[in-house]
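Letters A, B and C mark the chains as written, and numbering starts fresh at 1 in each.
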Amino acid sequence: MRLLNNSSLFFGFTLITGLVMIAILAPLLATHSPYQTDVDNWLQAPSQQHLFGTDRLGRDIFSRVLYGARISLTVGLLATFLSVGIGTLLGLMASFYGGLIDMLIMRFADIVLVFPSLLLVLTLVAIFEPAIWLVILVIGCTGWPSVARLVRGEVLRLRQSDFVASARLLGATNRRIILQHLLPNALGPVLVAATLCVPAAVMTEAGLSYLGLGVQLPMPTWGNMLRDAQAYLRYAWWYAFFPGLFIFLTVFSFHLAGEGLRQALGIDRSTRRNKSA
Amino acid sequence: MLEIRELKVGFPEQGEILWVVKGSTFSVTAGEVLGIVGESGSGKSMTALALTGLLPPEAIVQGEMIYQQKTFSFDKREQWQKLRGTEIGLVFQDPASSLNPLYPVGRSVWEALRYHLQYSEEKAKKETEKLFSALGILPAAKRVRQYPHQLSGGLKQRVMLAAAICCRPAVLIADEPTTALDVTVQAQILKLLHSYVELQQAALVLISHDLGVIAQIAERVIVMCQGVIVEEASVYELYQQPLHPYTKLLLTSLPRLDRAILHQVPQASGAAAADKACVFAKRCQHCQQQCLTKEPVLKTMTPGHLVCCHFPLL
Amino acid sequence: MNDKELKIINVAYSYLDDSWPLAAVDGVSFTLAPGSALGLVGESGSGKSTLGKCIAGLLCPQRGRIIFRGQEITGNTNRDIQLVFQDSATALNPRMKVSALVEEGLQIQRIGSAKERQKAATELLQTVGLELSLCSRYPYQLSGGQRQRVALARTLILKPQLLILDEPVSSLDVTAGARLLALLHDLKAKHHLTYILISHDLAVVRQLCQRVAVMYAGKLVEIGEVTTVFSQPRHYYTKMLLASHPVPDPRQRKLPETNIYSEPLDPTLRPTGCRFHPRCPAADSHCRRIPPGFKEFAKGHYAACHQA
């Protein structure tokens, strides 16, 4: 319950819930079909009819933003799952086995970290058709090194702790030490990192789609809507404003939640220390 | 010399005030060592922080302090905080975290000298070296320029002591000054504290959980239990004939070199205590009905020996 | 061989600090009879905790052998040897409840059904004097004394024969410490345990142990019956430790008169000859050059000092 006392975590989480609800309920909330063109009413300013106005083909921006939330959040969440999963696994392996395995994994992480993901996408797009799954895969496979480093550091610290030694004295196997003692205690920081991974993935998706390398039109994402709006910035502010606003809200809410989570966990830890003192 | 009247320290907790020091009155005279002893949660450290004005800002402090015929109110901090450093010196438990790792250790001393006594930089540094060699931080000329990580725990505590006494304060407050140190070093630090008191005719308030340490240099002792002073006596009387059951429990629980003391220390009896109960009632072997319903007051049994108990051990 | 529970032969362990080996334990030998209790005392940096970890098998000594009940166990953990850590706040997994912490040993060794394990854990919690209502608490919800008891119960669940206690009461209040010492005393008699009690406090050793071993800078300097060593210390370091111990009696005040500026042991330096000579009031040129060997002063009372 202490988690709810944390205001930034609370607001962040509320916003995230709102965004997820929008994505899920998009078909119910949308006033128009996101693909229905109406060239007679192109580039209309926001009105009763079209809450966020219309785009260059007369499509309702409000409905497209709602449907875009589905794509953006799916990409963000799935890519995060992928990078946190890979990162946790490799980080655990590196820290626990040490030596050559540690070196190989961490050097590989360095390579992935310095490798520009845009270049990777360009190459992959050249080989395959641009598609959502490709975007998810690329973001997921390039985002894991930071998680791996975090997990590795955390586990190296925890491995030295007395409670791991005491489990070893009781005869615990490596498997048990990892699953029962190391992983649960390393999860806090990983959770925070994961929360911060989501907005990064949303941004990357938006960036890729903006460049036309990500999710393809007419399927709406906030990124490719921005790309679409580029030519009309001077005539139709609403065209770029609303997709941009939602990207901002998503990034903002996840950062807020991540910061709140970090505080909550940090406070948690320091009170524990106080009590022991 | 220094008199504390009705000192109360509390923290706001869920709309109420949780008092951790519940009205302490005591005094210390020049050239005297006053020991304050108690377990964790007894309020002894909060007393020390209150005396030095280092309580966290959310803390609520009441009561007054009389120092050299001047009365200061505890809730008006800025009034008497300037006494800190010049008139009241402090020594803390953990020297490692009290020294800035980025500065040479001598700096904390010469900065104090320059700030409080307006010494020139050169004079302050010279004085620092003198003080270091007097406290056995040798070779002093080299030590003043070293950084905390280059010094052992005992030496760091001596540096803290140097910083505390550099302006020759008339009152020294030492909160668990030797707890983090080995026994051989502990004896040295106690010796240094004691010689400062004798030389300067200063007053020392020594706060410790260790009855052995208190017995070494204190003259008068205050025993605290959950924010209340339960007994006050001269050190000889207190160790010879404790009147409060809590004091007796502390003394009998202490492992001793000269004999095995293994015996069952009573667990908390779990008796439901009213708001107005004696703070020790729950753990007291001699607890009676009156103890659970009426708060005892500190009363004088023999001259200089005060006890806060309905049924003192006689 | 069966009269010796534990034999430690010339054990040495060095930490690699910046690729510069630092001998924390440097050739220590002693034996321990079953059901006895040995106190291991010394200042911080004397290597007593490292030796404890070597015996428990958490550290593998680079040199020497550790023989437990006639079997060499050097460098291996053994479920019959358990260690109770100094700081119970870090020795208990913060994400496990008390009941799970106590049961873990049985779970690991696959002993009994879930119900039997639970029963064993509750019995043990009662033995160490904890209320069963604490079972579903997490370590940070307990007091220091309660945590230390949970840590103790956790190690006792596998019915070990040798218990290494690393500063069991140093983090506790006086009264809680006294209660824990009384409990340790009872447990020892009840379960025929052998203790190695690591402590900086000579008085704590006095309460529980028959024999005491004094360590300085990785070396054993004196070993013998507690009563003999404390009444007739032979090594100057033991004398110094005893003299510095504050006696809780104001009539026996004894602030040190001499040598108050002597520096305590620097763990990164290992002086030649007798390691104690820089602080020793009786040291001569002999002490500075030649490491002393053990001399027997009474039956079972040995000290390594030229001047004794």
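Going forward, a residue touches a chain if its C-beta (ideal position, glycine included) is under 8 Å from a C-beta of that chain, and two chains touch if they have at least 3 such contacts.
No experiment lies behind these values; they were computed from the predicted model shown.
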item	value
Most distant chain from subunit B by Cα centroid	A
Inter-chain pair with the most contacting C-beta pairs	B-C
CA centroid of subunit A to CA centroid of subunit C, Å	50
Euclidean distance of C-alpha centroids - subunit B vs subunit C, Å	31
Where subunit C touches two or more other chains at once, by residue number	144
For the subunit A and subunit C complex, residues of the former touching the latter	161-163, 165-173, 176, 180-181, 184-185, 271-273, 275-276
In the complex with subunit A, residue positions of subunit C that touch it	53, 56-58, 77, 79, 81-83, 85-87, 89-96, 104-105, 108-109, 140, 144, 147, 151, 154-155, 158
Residue numbers on subunit C that touch subunit B, as the complex places them	43-44, 129, 144, 169, 173-175, 177-179, 181-182, 185, 200-204, 206-208, 230, 240-256, 260-264, 266
Residue ranges of subunit B in contact with subunit C within the complex	39-40, 136, 138, 152-155, 182-188, 190-192, 194, 209-218, 235-236, 239, 249-265, 267
